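Both complexes shown next keep chain A, but they swap its partner, so chain B is in the first and chain C is in the second.
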Partner chain A sequence: MSRLTDPRGHWDRLTRAERGVAGFVVALLALLFYGFVTGGFGPAYVLYLVGLVGMYVLLSFGLNVQWGYTGLINFSVAAFFGLGAYGTALLTADSSPIAGGFNPLVGLVVGLALAAVVAYVVGVPTLRLRADYLAIASLGLAEVIRALVLNERRWTNGSAGLRGIPGFFEGWPLLDRFPELMPGLRVVVVPGSPIVLQEPFWQAVLNVTLVFVFVAASYLVLRRVHRSPWGRVLRTIRADEDLAEALGKDTYAFKMQAFVLGSVIMALAGVFYAHLNLFVSPGDFEPINTFYVWIAVILGGSGSNRGAMFGGFVIIAIREGTRFLGALLPDALRFTLPGALSVLPDGLLAALAGALSLVESTYATVVGNFASTRLLAVGLLIILVMRYRPEGVLPPQRELIWTGVADDTTRADPDSGVREARGGGSDE
Partner chain B sequence: MSDQQVQAGAVRDKEDVVLEVEGLRKTFGGLVATDDASFAVERGTITGLIGPNGAGKSTLFNLVTGFYEPEAGSVRVNGRDVTGMAPHDVADHGLIRTFQTPRKLEGMTVREAMLVGPQDQPGESFLTLFTDPESVAERERANLDAVNRILEEFEIDHLARQPATDLSGGQMKLVELARAMLADPEILLLDEPVAGVNPTLANTLADHIERLNDEGTTFLVIEHDMGFIMNLADPIVVLDQGSVLVEGDPEAVRNDDRVVDAYLGGGNA
Partner chain C sequence: MSVLEYVANGVIYSSIIVLASIGLSLVYSIAGFANFAHGDTMTVGAYAALVTFGLVGGLGSEILGLPLGFFAALVVGIAVAAVVAVVTHRLVYEPLDAGSIGLLITSIGVAFVYRSLIRLGFGADFTEFGIQVLRPIDWLLPYGVRVTLHDVAIVLTAGVLVAALHVLLQSTDLGRKMRATADNPDLARVSGIRTRRIKLWMWVIGAGLAGAGGVFLGLYNQISPRMGFDILLVVFAAVILGGIGSVYGAMLGAFLIGLVVRMTPLLSDVGIPIGIDYAKAIAFVIMVAVLLVRPNGIAGGTES
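And then the complex of A and B:
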């Protein structure tokens, strides 16, 4: 617990990247807190954002097991997320065409089991082949599952989605009525804009607690299995599968375990989402979510759990931040040519005016649709990362040796973890 | 020049056979890479496998270790049939191989890469990590000790915490050999152990192989470097056009007309 007893020394021991990350996270949290105190963001919304971060952290954890640990290219993150969400929704929602009304705990188990079974079935034919085949199959799988959910109305309600999903704690003693029981609070920090904490806020507190438990549990499991002989075999497979085989490791079995484990963690994110949003629809299977998660893992540092956490955080910052950035900028730019320029020939003047109006209209388009430019931001980000820091912001830092066995497992070169072994770098 | 020490085809009536290869055949399209290859490796020997380029040495290695599936023939380790098994199952039977080009382990330190060698680690089972962490820790500690000991024996203990990708070609060969030893092999198959290695390090490698052989490990070695293999191995099996041409001791093989012809592309072409 050096960070409590000796915060100064702890800070000094951090790498430059770690300090940057810490600064970035603190700055964003401060911004969020500022918005919260001044009443700019509703308290329930702030907590909703925290919940989304947790959800993306889970998704990144899942993909990190598959890609970061093992080198498996899975392009159906959204599908496993959706399977988790639909798995629990179909069993708990009022509007479920199959069997609604079960306790969300049952939904949780079924959602995870569904993802595990699908992952296994997809893995059987593809994991015996080279990595590229899994990539292709998973790309198809995501669309197949989306099309199935969209069209098999008698089972899934089709495009109407599933409404009336209960909160996760419905039917639990005490927690069930926690939001109603908590008193409404009114806190005035800045005069004139009081913060009102009512039922939605307490509901959001519950949700954040839930996702925190999910993330903490996954993290503890992953930390144990990664820094172990098991995690070491996965890293060997990622680097050179033939070598792992030659050393007597059943690579197919290891890849299957990693694939199923990762998919189950993705489904866990889906279960949380269903009980957060209380509504699921085929839109939740959109492939864009898969790529957000890929970016989170690559940005954070493939193979590093901390990196996956950071990546999830950044993705939400971009996704939600762009909503507000657009509102902050002026709607339009207006250029007027200074009168002094009228000495120029008419033709040149017209060309100049034409160029300026092009700039004006482009600006208006960009600001008017600022939310869509988040894709641009994400694209730029990924290019910058691949160019300047291909190993990610927080690459893996420890040797994969069982905790407590070696005196010191910190890598001598913490800034050069698992690089992209296969020349091309990003697989986007 | 004792002609009786070279025999056409392989010597099959050996006493204590570890590896027995019988009639292996493999074709790639129209090309017959291995054709009715048979030989036996006696326990405690360093058996050399040589032959001109394209004789099928590497194909034969891949067939024996399970990386290729043979179209005909059989492979036995200690009398047990391992034909057609997956490479990791073959390795389970005690047949461990190294690769011609050293395999780099991205993102691992040397001692991490070494720790992949030991077989049947309890910590490689996902469930055991949770149900029996004590036995995982215990074995891990023993394995780490073994890694440190063998790195010292190979005089590369100073590299233990270097990234496995930052080594010279020769050091990588040493690490590969050391790691293969951790798998406790019945027989170790080395694919060109001194290819691309400087002469000094090649001598070091030869010393280590001889030392390990004295300590009881059986070797089968493919090598292009004639000086190296002739000093190291006995007997030598010569492969030509996918099957065994002759087998004998190094001196006799070196002077055998059939071998000279095979290398110079003479008579039987």
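And then the complex of A and C:
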């Protein structure tokens, strides 16, 4: 409760990284809010972005259970996400080649169950292997599932994807018709550009509420799990699997449970996405989606759910920020050499002009290719985080067990960004 | 298509996978991590060759249906891939204070940087070297084998490169030092081997061979920014099948996996409904099976 009764003192006790993160999140929300009130972004779009943040937070939670707690390298995040999305889409969408028309709640259950079963089947051969083998095998698994979804048109509609997915609350009493029942509001914050809140807005409000419920529920479950003896075993496995074995723990069973739990949370994100986007396609299985989530987790701090939430914001900032910048920045830069420079020798002038045209063409290329620029940003971010802050921005606080704790030769305890242990605080 | 033709196709494809898998195996045994940027190193080689070939052109005479300029481009492709890998090692991997898992994750970032830069420079579309496609070799046609001189060139060049590597590993000072470092880096260092320098050579050789593989893959199929990443899984399957870290095992594994991938159409010919779309999936299933039954691979993984 210290943040309510003594906000100033609470702020002073934060580490520098925590202040930076708080500042970043507040700035991002402020930017969204600014776009919202000035009409730069449609109100429904702002809420759509908030929904996507929630989706990435869920995915990061899932990966956190596997990588952050247990040290399992899972490169098939996109596959489990896609399984959740397709699981619900195949049961609820109009264009589903299998069933279609079921209540989204059925889709939710089936999507999660599908992911759990696949996770178990994949886990049986791979979880006994060394960590780097799991990385290779899981990337392979993701590609196999993508190939299946693309090619088995009878069941999945192939590359056309599935359309006509209903919203999550379709068929519910009251909530079903909530967006239509809500009045259209006209809010004037800035004179001259009123914001009109209509049906899409209320629909988006419902979606954000839904993802908030999902995130909150997962967070509470994971916090409980993290503090339990079960969670301690997981972290011991991450720190030193042989040690856990020596303590009599069946590490394979623990790893399997963590793998399935994480995959189910990822599928939950997929279910939400299907009912948010109302369209799913094999593109959702692209490996890049897996690595967005990896960035969120390692940047936020492996094993830290606060970090995962921060990571979710960063991913949206990268994904939508590059798009936004691309739309905002001019397509091309034009430089003209000032006339005063003509006193310089011709060779130098020619070199200058050459350099400027290189800058111009590079600029045009970078601005004209958001997808590639985004990929570049993702790659650089991975390298930079691993180099300069491998423990992440918000590493888990007051952790008793960390990687290398049982190993004298490699001191890998998080010595930066960790608060001094203080009584009464939260360890999340 | 006849069985013989599938086999011939498999051998050609295998030669490319062999070139790629050697480098992956070398990096694994000497640098100690699974390098996910290896496929994109192949792409770098292919694009470097594409640019060079565009600059120098055919250069007149031909060997095995390929203009001399292509071989010049091949050399440049190998060199550029090697230089890029060494620079990456110096800038990214060497300063990194991380274990094999940290390096593995970093290599994903490296792969993305390579691929995005290539996409920024060349666009995301498919291109080709623009060398005229040859007629299949006439005297093989009666046997039902449609192979062009280009395919023969791929197999022969790959064979030469692999033989050169074998001589290097077995008969030169550098080769002995590399094997020693792969076996036991600490022991190698106390014996006076400059393991840092060996690591650099390892990157030069591994990435150079990957670059050659990329150039041939571009000649065999097409060139695109994703070509390397798409084939990476097959290469991993080959390396694991052969026993990760063992160069000769990797060659054998690559040969087998290449054959299997290219002979997938046989399955539908005999009535099993698994199409060519699942060729890579089959490679993956073999990989998992090998990991389960013989985690050290078919070659045992003790030699290097």
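Before moving on, here are some points about what is shown:
Throughout what follows, the second predicted complex is superposed on the first by the 379 of 428 C-alpha atoms of A that agree within 3 Å, B and C clash if a C-alpha of one lies under 4 Å from a C-alpha of the other, contacts with A are read in each partner's own complex, and residues count from 1 in each chain.
As a working rule, contacts are C-beta pairs under 8 Å (C-beta built on N, C-alpha and C of every residue); 3 or more make two chains touch, one makes a residue touch a chain.
Please read all numbers here as calculations on a predicted model, not as lab measurements.
Look at A:245: by the touch rule set out above, it reaches chain B but stays clear of chain C. Look at A:381: by the touch rule set out above, it reaches chain C but stays clear of chain B.
Legend: residue contacts after superposition of the two complexes on their common chain; A:151 is shown touching chain C, with no touch to chain B. In the superposition on chain A, contact of A:79 is made with neither chain B nor chain C.
Legend: residue contacts after superposition of the two complexes on their common chain; A:230 is shown touching chain B, with no touch to chain C.
Of the two partner chains placed around the shared chain by superposition, chain C is the only one that A:366 touches, whereas chain B remains out of contact. In the superposition on chain A, contact of A:135 is made with chain C only, not with chain B. Counting contacts as defined above, no chain A residue meets chain B in one complex and chain C in the other.
The part of chain B that touches chain A in the complex is made up of residues 65-67, 86-88, 91-92, 96-99, 103-109, 111-113, 115-117, 119, 121-126, 129-130, 136-137, 140-141, 144, 161-163, 179-180, 183.
By the touch criterion stated above, chain A contacts chain B in their complex at residues 224-225, 228-230, 232-233, 235-236, 238-240, 242-251, 257, 261, 303, 396, 399-402, 404-406, 411-413, 416-419, 421.
Residues 71, 73, 125-126, 128-129, 131-133, 135-137, 139-141, 143-144, 147-148, 150-151, 287, 291, 294, 298, 365-366, 369, 371-376, 378-383, 386-387, 390, 410 of chain A touch chain C in their complex. The residues of chain C lying in touch with chain A in their complex are 33-34, 36, 92, 95-102, 104-106, 108-117, 119-121, 124, 229, 233, 236-237, 240, 275, 277-278, 280-281, 284-285, 287-288, 291-292, 295.
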